[in-house]
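A, B, C and D label the chains in the order they appear, each numbered from 1.
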């Protein structure tokens, strides 16, 4: 098992003819992902890496039965792409695009409220169920199939963590970058709920960062509802307030979003917080060894 | 039993200081309805028929624990009033107002999608559970408590039907005017589902009219899911196409909404369709006698 | 509220939806001048009436010489145009639109309406343009494509692509882009002007590859006119039945029909049902008249007057279920009409509800000749007897 | 992107949000002239800098004679203003806003932000205006009211009433109406200009009962600037750190901090975590620098250059987890910087991921002196050793 994506996922790449879209289509196929279709308006009938390209997502669904989307379209058109995917009934929508206007995401979030689609991202590395499928831009080879779930607001930081986990022999069930923007499709809690029901997942690494209150909310949820071991790390302990630290969502403002508040909340929730990134793998090994 | 409203309903009248609002507040109280509060912005602190008036619905909820709203505010402000009521968490919202712009109702419908509120109307006479409470403008005395449910797109036509039912000795559990506009909060099917679960309700009179396909959809639902006797009447058998017959929703256009199609669909659903309004009470008595 | 083609096109032109060059004329000499401004030949001369079916009724003429433009205009102006929607007497043509003719390569259909079931606006597109959409719907329903518009996000580009990329054979990039912008603009027009219908049929692609709205239908939600005041001047009372216009003035909801039994009812549903009852009793309703809940005595009197102005009426049925409208108010209004000597036809009255006794009393005490029906069934019988 | 007070007020003025009469001046003689146009006394002279806390920092002066306006302006212009947000060196004041003073009766707080949890814009109102909202939030949280705005329906009048009718003592009808219109207009400004923050504090009621925005803060979502081109001219590069400005030009995400260890990282999260690791090893990060996934060799070189322009830097840590950014590209960029003679400080390199061997090879084959760390823990130790 794993959550949301696995060997049965039939992936459509929205924006497949763009530079990034083409590049990562190749890498996903190399990893073993079934990339069944691509979409670029006006390029219908072409092929990219032997994948058929359609003008609309509707066509891709009708002709190729795709059920997971991976979006690489540029920021001005990304909200349209997400809504197109949800309208076409895709179960899982992964939006890699960074730089979508926040008010576009307000509309997207409103649109998705009564839909069955799960949106991962935007501004995220995607989702991987190691050994099964990879929908996103993370380096495949660092992953190893196993029992750890990883949920993260970050990209390369996640790779660092996964690499350490693999290094200490802790494989992963599913790793998810939920995205670094203020408004994202799914939160820590959404994924924790799914991981709770996933028998393959034995423990969770939760990688947060400054900004917002998502980690505090996750801590409250874990305390009340979550019964598997959780190891957490918060990036940005030394970040100054009022400055956006790369991610649109990573900003301490109005007295909210400080790393220490998040760490306190997590520890109060009985969660092991790793303070030094260098030791994360080791910490995870200790926690999982105990359980 | 009855559905949606009963003796426990604490009603707030939105637009209570207006002419209609005040008039019907009086009549509702006379019928026995608990009108616990009124709302008119800027008139907070006043009283109407001994009912305290508040500036906002939020205040009325906080101070008087109201759970059902009856809206009389003029069309330009009615959408705001409905959304205010839903935001304040009211369970049942009855909107009497006629003449709300359709695009306002598009927004209202979208807003209500993920809320728990039930909207009845707009452009409707309201809802009455005879002997318990009346939330609306229907004449109370013609009603009699009993086992017949009435669901109708019309106003005075409903009174005519109820009067005939009472005349033949068939009392009513709950009578609902769902409204004569193209976009309404709840449809025949919504109420049929609730009546299905209401043990007091033994049979249903469904009063449709030309325009739209609500009756056809109800017929399909009844055939599949509804197990109590239904008597139907469709107004507008002689109405010309392309003309709006009083109600904004009562128009035959684009080959849709004809009375004969509705009657055929209902009969195909095994529903007794009364062709002549004059005989409705008698027909109902026969059907209910058989069952 | 219906707009004329030229009015809708005026709005289109200002909203980024391409239209042909054209000019509205109300006199023949203007028509001749128009040909000097508007490029041709050919020219298209189009009668501006609200009724549909103009083309088959001879209201649209394609001509090739300037003098023909004048002749066609003269042919149409001031004369009744009969279409399948007007009835045999037709409607008088007061205005004519003269447009440049274009060479059509392909014809599409594009419209927007409110979809009741989903409670959302819908954009409807078909590549089978130029014919009536009902015909397409019955013969080739697969050629009609719909997109529903969530008000939280508005019209989205992928929806346009869903409609446009279904066209076979496919369009080239230029027309695709223009169609996308036309759809986005149509959505903006529809929502900002509170339309209940906007229809472009045909939406043509010319031989030069231009996309252009050759016809335009637009209706505005009458409930929204309070915030669309700048559209009020588009209202053309000349297009309305004079009795309906008079009723409108007194806030009475009156629709003229072809029968001989006038009906006065409170409530639209009951009014429709009363019409049906009349028909079922073997007579024909002469009108739909809902006097509404808030009718005053004088409005009732006016209602009687309007019913009786229709010379075909042979009897009147008053069917009132008193609620907000009290039966005594109704009775006073009817008696007032009688006193003015208006009522010389058989009057059948069926009263029920609020203040019914008082109402009957008022009628009894007047000089008025009338029949009282105890219920709807009896009322219908009495009516039928009077007109048979 | 932050706007200056005068820029935000300019937008307010055009959007139906009342503002005081005022004039922007950049020279003392303009200040004297301004007093002839703007009614006073008193006048308010306000330094136009992005940093908050201007009032307490002496950047806002209320004066009563025209010559004082000139003196105050001279006092501020061209000189550094130190506030709690600027750091000890302060920011240079380049522009001064001169406004009519008003007699304040009551002060409110009004703002709009995006609420992350609900994914909706929120309107925030408090009747405790004039003080910092964080202070109100901690002392009297019940005085802060919020309304969330559903994008399907937009800002609704009842939401304004929910905020306004909570005010004690209650306002009279005039101010209620103005406040309602200000809120509706603020919502329009926020959404049409893609704002991330709009704040009016204080929103004052004058002794004459007028409602007026005495201050204005506005930030625009940088991700939306592609469709807000007309706002680009509001950008004031003089307000930015020169190194950050240079980084921006090369699409590098650089933020200057106070420490002595320069850091170059790919990915914002990893860059933050690297800063934390440096700190935990007992050193202080001199910057945040995310070179991003698509960095080219020359961008890397530029990044090194920017880090080194900060004279406080004593050592550099390069931490790259190669993914889209390949380690060999990173190595070439660093070597190119070394060849230009830029690197004279200890360099600690930690490479991992795509093409890591190739990258290490390139570094080894260069003349560059550097330390290789096998993992993050070791990298931090090496850094600490170099700067201790």
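The definition used in the following text is that contacts are C-beta pairs under 8 Å (C-beta built on N, C-alpha and C of every residue); 3 or more make two chains touch, one makes a residue touch a chain.
Just so it is clear, the structure is predicted and the values come from calculations on it, not from any experiment.
Trainee: Among the remaining chains, which ones contact both chain B and chain D?
Mentor: A, C
Trainee: Using the touch rule from the top, work out which pair, A-D or A-C, shares more C-beta pairs.
Mentor: Ranking A-D and A-C by C-beta contacts puts A-D first.
Trainee: Measuring from the mean C-alpha position of chain A to the mean C-alpha position of chain D, what distance in angstrom results?
Mentor: Once rounded, the distance between the two centres reads 28 Å.
Trainee: From the C-alpha centre of chain C to that of chain D, how far is it in Å?
Mentor: About 57 Å, centre to centre.
Trainee: For chain A and chain C, let me know how many angstrom lie between their CA-based centres, rounded off.
Mentor: 54
Trainee: Compute the distance, rounded to whole Å, between the mean C-alpha positions of chain A and chain B.
Mentor: Chain centres of chain A and chain B, defined by C-alpha means, are spaced 46 Å apart.
Trainee: Multi-chain contacts in chain D: which residues touch at least two other chains?
Mentor: 150-153
Trainee: Out of chain B, which residues touch more than one other chain, so two or more?
Mentor: 107, 110
Trainee: Indicate which of the five shapes (line, ring, star, complete, other) describes how the chains touch one another.
Mentor: Contact map by chain: complete.
Trainee: Tell me, which parts of chain A touch chain B in their complex?
Mentor: The contact residues of chain A facing chain B are 113-114.
Trainee: Enumerate the contact residues on chain B facing chain D in the complex.
Mentor: Against chain D, chain B makes touches at 41-42, 44, 55-59, 77, 79-81, 83-84, 87, 107-108, 110-111.
Trainee: Note which residues of chain D are touching chain A in the complex, please.
Mentor: Touching chain A: residues 85, 113-114, 116-117, 119-121, 133-134, 137-138, 150-152, 191, 194, 196, 221, 223-224, 226-227, 253, 255, 257, 265-280, 285, 288, 290, 293, 321-324, 352-354, 375-380 of chain D.
Trainee: Quick check: in the complex, which residue numbers of chain D touch chain C?
Mentor: Contact set of chain D toward chain C: 150-153.
Trainee: For the complex, which residues does chain A have touching chain D?
Mentor: Checking each residue of chain A against chain D gives 75-76, 99-107, 109-110, 125, 137-139, 142, 152-160, 163, 180, 182-183, 207, 209-210, 212-214, 217, 233, 235-240, 242-243, 245-250, 254-255, 275-279.
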